[in-house]
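What follows is a structure written as structure tokens; I'll ask about it next.
A, B, C and D are the chain letters, set down in written order, and residue numbers restart from 1 in every chain.
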Amino acid sequence: MDFCHLVTRQQQKENTNFRVGSSLVGDRPIVIMAGPCAVENREDLIGLALQLRQSGAHILRGGAFKPRTSPYSFCGLGVEGLKILAAAGQASGMPVVTEVMDARDLEMVAAYADILQVGSRNMQNFTLLQEVGKVNKPVLLKRGLSATIEEWLMAAEYILAAGNSRVILCERGIRTFETFTRNTLDISAIPSIKELSHLPIIADPSHASGRWELVNPLAKAAIAAGADGLLIEVHPHPEEALSDGPQSLTPVNFTRLMAELKPLASAIGRTLEQPS
Amino acid sequence: MDFCHLVTRQQQKENTNFRVGSSLVGDRPIVIMAGPCAVENREDLIGLALQLRQSGAHILRGGAFKPRTSPYSFCGLGVEGLKILAAAGQASGMPVVTEVMDARDLEMVAAYADILQVGSRNMQNFTLLQEVGKVNKPVLLKRGLSATIEEWLMAAEYILAAGNSRVILCERGIRTFETFTRNTLDISAIPSIKELSHLPIIADPSHASGRWELVNPLAKAAIAAGADGLLIEVHPHPEEALSDGPQSLTPVNFTRLMAELKPLASAIGRTLEQPS
Amino acid sequence: MDFCHLVTRQQQKENTNFRVGSSLVGDRPIVIMAGPCAVENREDLIGLALQLRQSGAHILRGGAFKPRTSPYSFCGLGVEGLKILAAAGQASGMPVVTEVMDARDLEMVAAYADILQVGSRNMQNFTLLQEVGKVNKPVLLKRGLSATIEEWLMAAEYILAAGNSRVILCERGIRTFETFTRNTLDISAIPSIKELSHLPIIADPSHASGRWELVNPLAKAAIAAGADGLLIEVHPHPEEALSDGPQSLTPVNFTRLMAELKPLASAIGRTLEQPS
Amino acid sequence: MDFCHLVTRQQQKENTNFRVGSSLVGDRPIVIMAGPCAVENREDLIGLALQLRQSGAHILRGGAFKPRTSPYSFCGLGVEGLKILAAAGQASGMPVVTEVMDARDLEMVAAYADILQVGSRNMQNFTLLQEVGKVNKPVLLKRGLSATIEEWLMAAEYILAAGNSRVILCERGIRTFETFTRNTLDISAIPSIKELSHLPIIADPSHASGRWELVNPLAKAAIAAGADGLLIEVHPHPEEALSDGPQSLTPVNFTRLMAELKPLASAIGRTLEQPS
């Protein structure tokens, strides 16, 4: 950790925390971000957002610009997607988080998003890191597929060094030899980050596992290990999703997860509050 | 999973469970196995065993035959170690689990051990698997450092095919690119095994992380993810341990962990009972 | 390979080849790209370029924009570096290859470079891929640290789909558990790419190993496995290099490597020609 | 490398070399070991052995005891297989190499084999290492699927420490995230071992790649990188092989490989001699 300064516990003993909408990130309450992988249409998203909010979600997620391995896959609705996401956020009273893939889109994305997401494939897109470091919005920094904990913290350091200290780290699974799951959730990263840094950290069990049946137990594991929140993919009809259907919860399963997380949170001295 | 039969959920819907001493493995109660990496001396081990029992441990672990990367490292006390371990088990009223590294030692180890451990490096020592399959003792089968979930279940299949159905799987971390932790605890393996197999599964957060500070949060994560128990290294004086000191809890930290696990277990519908 | 079309052997049976300066890339002659990791100063680079050309290098490499893990490391001279590189190319009669990290810099970099390099960390920076796909310059596409062969080809597909078919793939080592080398040169990727695709592929033994002593044997291995060329780091004084010194050859060792590659090339039916 | 002594270059500057039959292992000549994955029947093996010898192979390989992931796969002919292998070796004038999986079989295997193979899955079967260390036969020690170079050398150290200095290391691919190949041939391990140790090292491109089309280029790469020999799977009818058919060369392709290796060997100052 020789090259990190601003992100370290040595630099700041107490946890970083800040408000996003009415939610406090990085403190005792656990923050749940939920929504579809990609924004697909206005009606569905508003309906889903209202359900998610009622089940206890705090922040709405949804992709308008989607990084896709193949150039021929659905890559999101672009600006139109941003507008729909913002509308669904407003309708449900939730702040929204969405990915920015290119520094040239930053101003536009920032006009609609409450949290700017930097995706795994861009964790070491250093010019993008510097640009989001200059914006007055919280940043959700996903860990790269094969990034070490140290490299991940250095990526965060780029953002803090550029002037933005509201960074949320997100563990979303690393690439290993195991093929039963899409990636391997590195659960140890959660307490390791807590030891090394003052920044909040959440987990994304949906991308980590790629299998919706595993999302519930992995979400619980992440909270038990000390995560400050979760990023969960929910889709009204996972089998029809344009991307990542197999890892999406139905609204019913999301509601069940929220109910099961509540006693777990109190068992470890955290809270899971209904959004106000 | 084409080549597995006996270990699969298709073959047997309900969870396998069986008694080891007075503890039920594979059912609602969580089973805690604790003790030092290696048996070092009689007095210390008996003292430690009594403490562990009082803190709520159910089964005593300790190595008499230690697989060591270097031929010049301390490799255990051998038969003498087995005798000490059995004595400490008897003094504290706990069954004991210890590793068998060679089929030629099997009879001797089985004379002292209540559970036979097959270590990571021997997960695909197929002749050893066949031999422990013929013994009338439960087997703790650790996952190989780079074994897939499928290969691990096939290793268990060897034991069941040879006639022994009392197998406990143990997730102990896999080898990845990350170097901050000794290995990467594959937390997803726990619900994955529960989905694919009826066999009980426990986690070893000590070997998985190699850092005692991470043992507490990882133990909680494993229980939250659905593990049936834990294997925890505890040493009266970790800094003087002949092996694996940096990953061993002190008895005080172990007691604290046990106290913190209790509410967590009930939050997810399990129990953590004082040994009877 | 379901999502690839333009890059596949099915699409085009014969190898893609094209001229860069006077060198033919993707045909029988082997193409050597050599130079320092980062452009540091004018005098040194021109001196080095003349030496490299005399030893038989065909293309000059040198970084002006350097992706660095830490925000506090030397990140290149920027435009000034591009100018020095172009001057050294002209002085020595070699075309130049250099990295472009950000779509916003593309026009500027393309004004000086003969080949545009997309680095490992940007292999899935999809907007950058689309932009270099619209430029009329060959692109050197490095494999991502944990990219599968399929993902790498899909990244190339982005460039071809955008209209640029002059893509050179570069295997530069993948991330594995082994720590003796910086990365693990995936030598199998070379014949695998040749089987799956018509695009030329070269190897970068310097980044792959991180150790100059291994560059010579790995360069030979890559040629023997069928690589169309090499990317080699050379520095006049590796111990004083501002980045990647430990993996840089001295000019003397580079000259020795070139002499040793010549008989190897003919042994496998290729040629290593002096640049004209 | 702190825990290694006997295997290091510091301990012995000059390369270890020794005779196996009429072949010198670890010196200028390259040694080719070839044969089927498993011994299947007498007639076929003798026929194949004569062909291999004529094409220039020096040592005959073939498995009688096969480690198999599934308990239900073909696991070799056992003693009968050893007898057939020895007969084929005698008929063709070649020494034979075969795997020993269990210390209890050691005497029996050593009665037939000229080289004792310790397989990947047993690389850290420490009691087996100690036992082959007491036998007066050369040992072929395959690298474990996820063993570091350091751990591999320590496994060799076990054998040397037990008294047997005739150890041949064999790189056979490591486990990584890449799925196009069965394993990833770690070509860097060859020059790394040459730097760190005086022991001979060969490569097994068949197991490393799992695809016969890649065996030819990988064999060349290994020789170019400095390997002292090769272990190649050849089967008279790969499509009918009881194990590892997809990675086996036909005799015709083996003959072609041998012809192509000869000029390569001389290009790097080695020789590939017809067996005497």
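Worth pointing out:
Please note the rule applied: a residue touches a chain if its C-beta (ideal position, glycine included) is under 8 Å from a C-beta of that chain, and two chains touch if they have at least 3 such contacts.
Computed from a prediction, not measured in an experiment: that's the story for all the values here.
Chain pairs B-C and C-D differ in how many C-beta pairs are in contact, and the one with more is C-D. Chain C and chain D have CA centres that are 34 Å apart.
Averaged C-alpha coordinates give centres for chain B and chain C that are 48 Å from one another.
Contact of a single residue of chain D with at least two other chains is seen at positions 146, 175-177, 179. The touch graph of these protein chains is complete, with an edge between every pair of chains.
Across the interface of their complex, chain B is touched by residues 146, 148-150, 174, 176-181, 184-192, 195, 208-209, 213-214, 217-218, 220-226, 260, 263-264, 266-268 of chain A. Those residues of chain D whose C-beta lies close enough to touch chain B in the complex are 3-4, 67-73, 75, 101-104, 121-122, 124-127, 130, 145-146, 151, 154, 157-158, 161-162, 175. The residues of chain D lying in touch with chain A in their complex are 146, 175-177, 179.
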